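Working notes, beginning with the structure itself.
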Amino acid sequence: MVDMKDPHIPVVGVVTDIRIDTPDVKTFRVVTPDGKKAFEHKPGQCAMLSIPGVGEAMFSITSSPTNTEFMEFSIKKCGCVTEWLHSMEVGQQITIRGPYGNAFPVDTAFVGKDMLFIAGGIGLAPLRSVINYCRHYRDRYGKIDIVYGSRSMEDLVDYKEIIEEWSNDAGVNVHLTIDREQPEWTGHVGFVPNYVKELGFTTDKIAILCGPPIMIKFTLAGLQEIGFDKTQVYTTMELRMKCGVGKCGRCNIGAKYVCKDGPVFRCDEVDELPDEY
Amino acid sequence: MQEITRDVLVNKASELMSAGTVDRVLGWMRGEFDYDITPAVFSTEEELKNNFVWNDFCGANFSKYLIRETQKSENKVLVFLKPCDTYSFNQLLTEHRFDREKVYAVGIPCNGMVDMTEIKKANEAIKAIEESGDSIVVKTLYDGDVTLDRADVLLERCKNCKSKKHVAYDELIGDDGEIIESARFDEVAKLEKMTADERYAFWQNELSRCIRCNACRDICPACTCEKCVFDNPNSGVENKAPADSFEEKMFHIIRAFHVAGRCTDCGECSRVCPQGIPLHLLNRKFISDINEFYGEYQAGSEVGNRAPIVNYTTEDLEPGEAVGRGGIDA
Amino acid sequence: MRKISLDKLDLLFSEIAKSAKLYLPVDTDNGAKYDVWEDGKKLSDALNTVRSAKDFFFPQTENLMDFKMSGKNIEIIDTRSECEDFVVFGVRACDVKSFEILDRVFLADPVDTFYKNRREHGVIISMACNKPAETCFCKTFGIDASEPCGDIATWKTDDALFLDAKTEKGEKLLSALEKITEAAKDADAEPQKALIKERLARLPLAELETSAFGNGKTNELFNAPEWKDLSESCLGCGTCTFVCPTCQCYDIKDFNTGNGVKRFRCWDSCMYSEFTRMAHGNNRLSQLERFRQRFMHKLVYYPTNNDGLFSCVGCGRCINKCPINMNIVKVMKKLGGKKNG
C-alpha cells in the first residue's frame, strides 16, 4: 500500500537557470537531478514548488509542453515562498509535484481558431505556455494576436522572447503597451482593456485573458462590447492552495475547486459560480 | 430561578426602542431547545417579542460584542449586562475598545447560570429543562424527569460568583447586589500546593485535550487585538493543530500572560471550551498572584483604573521577592 | 447473526484485542472518548464521543514526510509505513456514515495514501443507538440509527449484544469470534430495532428535511439575506469544524526540527480568517463569507460534487459544542423554507 504514490509527496527538482525578467519577476528553469523533466503537462497546468521549511506554493508552468528538456516558471516576488525562490542561486534543489489542474483546450476548442491572447503583468506566465504551444503547432491554429501590457517597460515579462521570437513569427501579431509614458518607449501607452478596444478585433476568435482581476473584469466587458460572447473567452483563476488535488478544501468557488476544476475557466462558466472571487 | 422575567426585559427593550433611545438590542435569542441560546442583535420589537429569551442558559457575556456592534452605527445599542459582564464592560472601556456614548447598558440581576455540559454529563436525551425554586427539572425522552439541585449544576464561575453588584450601567432593573467573598481562589490554592511535577502533570493532562479551536481566545473579552499573533502564519504558533505538545501548551500560557491584569475572571474561556479544559485557572492564578504581590485588584471594577502590572510604583515588589512569596517553587 | 451475553463483553473485547488494537468509547470527566481497550476498561454508555471517530482515519495532525537539507541539496524521506490493524468498537451510525463522506474526498483520484492506509487496516464495529438524543438528526440525511453500517453492526439489549457482519472484513472478524459468541436469529434483534425506530421517529428534530438544499441550489442560497443574521455572532473559532465528523479541510505546514524539516498536515477550519489568505489577497474577508462557506459546502457544494450526498450526518456535536449555539440545524431551518420553519 505505502508503495503507492501519494499526491502530497513531491520529487526533487534542480534549478539549472535563473533569468531576471523584471525587477520583481524571475524565471526559473527546473529539471530532476538526472537532468530530465519532472513530469509532462498540458498548457495552463500548474505545479507545486516548495522549499522545505519555508513552504509550498502553486505556480503555473510557463514553459510549453513541447519543450522536451525542462520546465520553466516565471515567478513574481510577493510572499514567503517566492521571496525565498528569488534569493536562490543556480544549482539549488527545490521540490516539485504536479501537474495540477485542467488545461486550455488547445487540442479541442482552440483547433482551427484565430487566437487572441491578452495578458497583464505576471499574467503572461500561464499564457506563455499556450502561446508557445500554438506557435509550435502553428498550422493547427489561425492568426495569433498577443496583447500584452505592464506597468512599465521594465515590467514586461519575457521581453526578449517576445521581441526576438514571437514578433518574428508569420501570422503572429504582438501588441505591447505600458501604463505610463517612458522616454525610451516608442510603443503604445495605456491600459490593456482600452488598448484591446482600440485595436478592435474581429469577433471570430478565441480570447484568453490573464492578469489581475480588475484587468480581467474590464477587458472582458470591453470584449463583450465589441461583440465577443463569453463562451469565446477563457481566463485563469488563482486562490490559496495547499494540496493541489481538491482535498484540502480551501480553493473552492462554489462547488468548483480551482486546483482541480481550474485554473482555466471559460467566462460563461465563471458566471455560474457564486460571486466570491 | 431568575427574579426578573423575560417579559420585563422585552418590555424594557421595546420601550427604549420605541422611545428612540436605542435602535437595536444585544440579547439572547431562543434556540431549538431550552439551553442552546445564541447572542443576537434584535432590531425590531417583533423580533424581541418572538425570540428574546432570558433563562438559566443566558451565560453569554455581550461586552465583547459591543466592539463590533458600536462600529456598525451612530445610534445607540442596548445591551443587557449581568453583574459579572459589567466588569468586562468596564475593562473594555478602560482599554478604549468601544464608544461608551453608543451604548445604553441595562444591568440585570443574576442568580447564576446553569452549565449544560454538567447536566449532560449525567443526563442524555433532554426534552426540556424547567426551573423550580432551587431545583432544575430535567425532562428526558426516555428516563423520565430528573430533579437536580440548581446549585450543583451552575457554571463554575457562578458557583464561585465574585459579585452580584453591577459596576456599570445606565439603568438597573431590580436591586443591585453585593461583591461576594467567593471561594474562587480555592482551586488555585490546590494547584499551588502541588509539587512542580504534579502541577505539570495536571496541566499536561488538561491541555493535552486542546484541539486548538481558538474558542477560548475568540470569546475572551480581554482578547481584542485587531490581529492576533496566533493568526499570523509566520509566527510559528499559528491557529492550527500544533506540531508538538510544546506548542500546544505555549498557546494557552502566552494567552494567559497576555490577559494578565486585564482578565476580569468572567470565566467565558472555560464555559465555551469544547474539551472542558479549566482554562480560567491559568488566569485566576495570575489574579491571585497580582492580589498577593500588589494588593487586591479587580480588573474592570471601575473605568480607567490602572492595572498594577502596567502601573509602576516605588512600593512594587522586587522581582527577587516573588520567589520567596509563594506560587513559585524555590 | 451472532450474540454474546452482556456480562461477557470483557471476554469479547479481550478476544478482539488479541489480533488487533481495539478502541472503544470510555467515560472520562469530560465526556466519552475513544481509548485503547485494556483489561478493566469499560464501554461507555454515552450516546456518542465528544470528538468524532474521524480522528482514526484523519488525525488532527500527522507527519507527511521528512526532508534532510545539506547545502543546495534536498533529500525527501518517505516516512510512510504500513499501518497496524485496528478495530474500533461502538461507532454510531452517524459516524460510520461520515467515513463514506470522507472516503469520497480522500480516496478520490489521486488517492490520499495516508488516509487509505488507515482505512484499509481499520475494522469498524458499529452500534445501534438505543437512546438517540434530542440533538440527533441523522434521519434527515438518510441514516438509520437502528441499522448502522460498518464492518460489523451490533445491537445492545438489556442482556445481550447482537453482532451482524456487513462486509468481508466483518465476516472474517466475526468468524474468529465464533468460539465465544452464539448463533442468533435475525429476528432476535428485531424488538430492539423496532424500539429504536420508534424513538427515532419521535425525536424533536425528526422532521428536519433537506429539499431546499443540494445540487443546483448554489445561486439561490448563496445570496440569501439570512446569512447575515445567522453569522452575526459567529466567533470565527474552529469548534464546529473540529468536532464535526465530516469536516476535512486541512493545512500543510513545515516544522523545522533543527535536524531537518517535517512536513505535516493538520486540521484547518474554513471559519478561520487566514484560511484563504494569499500573499496578495484574501477572497473571504468577512465572517459572513466564511460562515456561509462552511454550510454551503455541507449542504450544496459537496452534494453537487458527490451525487447528492450531503456532508452532514446529523450527529449533533455542533449543537452541543458551539460556543454561541449556532449550528447546521438553525441554518437549515432558517434557509430551508416553510417545511423546516
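To keep things simple, chains are lettered A, B and C as they appear, and every chain counts its residues starting from 1.
In the analysis below, a residue touches a chain if its C-beta (ideal position, glycine included) is under 8 Å from a C-beta of that chain, and two chains touch if they have at least 3 such contacts.
Please read all numbers here as calculations on a predicted model, not as lab measurements.
Looking at subunit B and subunit C, no chain is in contact with each of them. Of all chains, the one whose mean C-alpha position sits at the greatest distance from that of subunit B is A. Among the chains present, the centre nearest to the common Cα mean is that of C. A straight line joining the Cα centres of subunit B and subunit C is 31 Å long. Centre-to-centre, using mean CA coordinates, subunit A is 51 Å away from subunit B.
A separation of 39 Å divides the Cα centre of subunit A from that of subunit C. Taken residue by residue, subunit C touches two or more other chains at 251, 268, 277, whereas all remaining positions touch fewer.
Residue positions of subunit A touching 2 or more other chains, listed in rising order: 80.
Multi-chain contact residues of subunit B (touching two or more other chains): none found. Put simply, subunit B touches subunit C in their complex at residues 31-33, 36-41, 60, 65, 117, 120-121, 124-127, 141-142, 209, 211-215, 217-219, 231, 233, 238-244, 271-272, 274-276. Contact residues of subunit A toward subunit C in the complex are 1-2, 4-12, 52-56, 78-80, 82, 89, 91-95, 238-240, 242-243, 245-255, 272-277. Those residues of subunit C whose C-beta lies close enough to touch subunit A in the complex are 64-65, 67, 69, 72-76, 78, 80-82, 105-106, 108, 110-114, 116-117, 120, 218-219, 222-223, 248-252, 254, 256, 261, 263, 265, 268, 270, 275-280, 283-284, 289, 293, 296-297, 300-302, 304-305.
Residue ranges on subunit C touching subunit B, taken from their complex, read 29-31, 46-47, 50-51, 60-61, 131-135, 199, 202-205, 229, 232-233, 235-239, 241-243, 251, 253, 255, 262, 264, 266-269, 272-274, 277, 319-321, 323-327, 329-330, 333.
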